[in-house]
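Two complexes are shown next, each including subunit A; its partner changes from subunit B in the first to subunit C in the second.
After this line comes the complex of A and B, so read on.
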């Protein structure tokens, strides 16, 4: 088998990825799109091609808008490789991927990483019990299978929490309660950014309308909740917290947590791109220039994987990145188009400072109690991480070798940010100084059977892929 | 406590598979994890260190908490595998050796 070359490989078939692929293919670039799911849309438009009219109505207009994106992508000349796992990228940009049980290789001239966001870890006591999911998981059940859970308690904070609540109400499954852990004073602090946010006021109106709809449906909302904990022995039984000066306990076996979303760093870390800590969003971002280029040669990032902005700007960024990549590869591209896309993105971004101020993670989520599990895979607590730091472990990679945190199959996707933050706080430094897990191939477990069928092009240079086969 | 019954808001063609010897009804296009959730099954495996029960968490392939054994193959992400007629799914117990 010889590894194929393409002008552009897009990783991820969410709004940024498919918009970029459609645009790039239209400009005459040879484009492949790899995605782990079976259908395009990413998590935000999950199930968009198969959703029934009823499901579309329940999920709302913004969701339904994803259809035109997937339709133009399907009718574009871009090659679409669903059910495909990218597990390594070499320093020469050779891409190892697994598809249909077989490991294969591709050699793209440029790579656009469009792997989107993950939910921020929300480590609280009991968060590993069956019955506790992310709010995103609840939404994915609804989007992809039309499944709802009655009497669910939504806990945490962020626009997604309210969106999921309104969608559950529309589906006839009113949540039992919303437990919002937004610290006091956040709304007032956020209002400072109101003048700028008014440039994209439709986002604000939508947000206020969602909150009003949830309250009108009679869902109890517990504000400024602190001390969130989940009780249960073999599954979730109750959530406890204090709010309004009182201690509360709500019995439920379905709890959905949310504390905002953060860029998925697995691939940008794998390729060794430079990252920077963003104190306002309390997460790492890959460092990009104005043309979406990372510090790794010809590797670009667009969408929420670069910084959280949401679905609409992600698609605009994807288009713009495609134009700039085409230009970088020597094609002529209309400057007016570029300018219009840049203006659209800037406008959508104007709402972010306000949202980021209001919905920055709650301090107690960033500083979990000693007994709280942080690494779900290897069951490592915050206290264990702190004591190893006290013994002199300088950073996440030493924590990993000493405690196995981040060594399980999720490879730190869930716990990584929490681990970096706990170490940084303990050492009195910033997470920027602390750093992050070194991400090594394969970035997801692959089987020996898949590797057995692996026959990369003998002539192709293979930098880092040797690691995976070792 | 009012249990949080999971249910469907619409009907499509059903298929059936097996979980721990029990027949489970699924709908075409469901992931194994979605079908189990709809059937009220939340406990999918024992964690490798303490043996605590675990179920779905992210539903998007990131957390690996939904690992089950499918047709004899351990370490399958239930949220990433589409249900097919006649699949045999079992709880995963402890640390099944990851091949890599």
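After this line comes the complex of A and C, so read on.
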């Protein structure tokens, strides 16, 4: 078998990825799209092609809007490879992937990383107990199989928390409570950005409407909650917190946590692209130029994987990135189109400063107690991390070597940000100075048998040493 | 660590270039002998081979010339927890090299005989049944093996970090993110220039791993160090089936199951090493063979998944044995580098003998085969 080459490989079939692929294919580029899921749509439009009218009604208008995106993608000339796992990208841009149980390789001229966002880890006491999930995971169940959880407490903060609450209400599974851990004063601080945000006021109206709907449905809402903790020995039994000057305890075996979303860095880290720490949002962003290019040659990022903006701007960014990639590859592209897309993105982004001010993660989430588990795969606590930092270990990779934090199957996807922040705080540095885990392939597990059967292009790099002996 | 000034000269008895296990271990033993020591490390301690190796504490199968030093090192390993106040994750375990054919087994028997004749009895032959007593999960086709029952494994970063901390406790100073630049000697004192000022000492140890050839070369001593990147795979946790560290006589392999159930597989296959960019890259077309070998020796591995891989930059000499000893050219200059993918086990022993050599001018250890003079042009 010999590895195929394409002009553009898009990784991720969410709004950014499929919009980019549709656009690039329309410009005559040969395009392949790989995604782990079996159908296009990504997280936000998951299940969109198969959703019944009833489920579409439960999930709302914004969700239904995903249909036209997937339809034009389906009718484009872009090749779509579902159920496909990208697990390595070499320095020569060769892409190793698995499909149908077989490891293969592709050699694209350019790669657009459209792998979106992940939920931020929310390490509070008991967050790893069975019965505790995330709001995003809850929503995936709802979208993909219509499953809802009864008597569920939603805890944390962020637009998604309210969205999931309204969707659960529409599905007939009213949440037991919302425990919002927004620090006091956030709304007032956010209002400073109101004039700018009014450019995209429909977002604000939607947000307010969601909150009103949840309250109208009689869901108890606890505001400015602090000291969140989950009780239980083998299973979540209750959530405790203080709010309104009182200590509360709600018994429940179902809790969904949420503390906003952050760019998924696994692929951009794997290819060694530069990243910058965003102190306000407490997350890393890949460093991009105005043409969506990372510091790694011909590797681009669009959508929430670059910075969190949401579905609509992600699709616009995907289209724009496709135009710019085509231009980088020597095609002629209409400048008016580029300008219009840029204007659309800027308009949608105008709501971000306000949202980001309001929903920046709560300080107590960023500084978990010593006894709180941080790495769930290897069961490492915040206190253990701090004590190894105190011994003199300089950063996340040494913590990983000493404690195995980030060595489990998720490779730190879940705990990475929390670990980086704990170390940085302990050392009195920024996480940018402290650095992040070195992400090593495969970024998702593959079987040994699959690797044993791996036979990429014979021309693939096969070298013992890359530089001359000195 | 002291805050490093921007300029000025700091004086020591010994400056070590390289904060890997060899530089750190030499610093520890030199400090124990009362020398004042500075270790200069361009990245962080154990960033390269010493923190990323397979952790094999192996005497089995060593080059004849290495055996005495490896034996001495093993004695230090047995007491490592007391020496360093850290268990380093060290565990005694058999190291076994598996023969897959009768011809391979005959080769191993010959080796065992040679070692017996030299007076070493740590390597023994296992017959078919003996092999299965130690490795019940081994494939049916394996015919026997060569074993060193009291070897072991340790955690590489934990070990090197513990050596560093103990050396600091004994007075050594470590300067990280401090690259040795131009080096010269005036009035019998080595001057090592760095961005943090000049480090001066009458004695200098080059323990710069894959980068040591450049340092030796700049001082007029040829040392053809190749940068290599041995690669390792890690699987998900699988039920306990293997207590030994396993190699193969006929194909490259190092295989061990960790106490937590994950299996670490490596041995021989190399990725791409880039010593200028300070990094290495995994080449899966090479690892394909590693996966094949592991599955054919241990059929239980067929259903395992690979969760991670890694590699590290290591220095290799053309004859696959290190350079250990005094410079052939300059007084006060010493070398310990080029451990060719098997220097972790030797770290404590080589550090001890280098400290002896540096402090007293001589060592009982048989280091002649490792002289840098063998590469003189």
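Assume the second predicted complex is superposed on the first by the 461 of 470 C-alpha atoms of A that agree within 3 Å, B and C clash if a C-alpha of one lies under 4 Å from a C-alpha of the other, contacts with A are read in each partner's own complex, and residues count from 1 in each chain.
We adopt the following convention: a residue touches a chain if its C-beta (ideal position, glycine included) is under 8 Å from a C-beta of that chain, and two chains touch if they have at least 3 such contacts.
These figures come from a predicted structure and were not determined experimentally.
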Which of subunit B and subunit C A:88 touches, first, second, both or neither: second
First (subunit B), second (subunit C), both or neither touched by A:195: neither
Which superposed partner A:448 touches (first subunit B, second subunit C, both, neither): both
A:414 touches, of subunit B and subunit C: first, second, both or neither? first
Touching partner for A:376 - first (subunit B), second (subunit C), both, neither: first
Partner chain in contact with A:101 - subunit B first, subunit C second, else both or neither: neither
Most subunit A residues touched (candidates subunit B, subunit C): B
Common interface positions of subunit A, toward subunit B and toward subunit C: 408-409, 442, 445-448, 451
Subunit B residues touching subunit A - in the complex, by the definition given at the top: 1-10, 12, 27, 29-31, 34-35, 37-38, 42-44, 47-50, 52-65, 67, 75, 79-80, 82, 98-100
Contacting residues of subunit C [partner subunit A, same complex]: 44, 46, 51, 155-158, 161, 164-165, 176, 213-214, 217, 224-229, 233-236, 260, 270, 272-276, 279, 281-288, 291-292, 294-295, 301-310
Contact footprint of subunit C on subunit A as seen in their complex: 88, 90-91, 96, 103, 272, 391-395, 398, 401-402, 404, 407-409, 411, 440-442, 445-449, 451-456, 460-467, 469-470
Touch list for subunit A against partner subunit B, complex: 36, 38, 43, 47, 50, 52, 54-55, 58, 118-119, 128-134, 136-137, 140-142, 144-152, 171-173, 176, 234-235, 237-238, 251-254, 264, 376-379, 408-410, 413-414, 442, 444-448, 451, 468
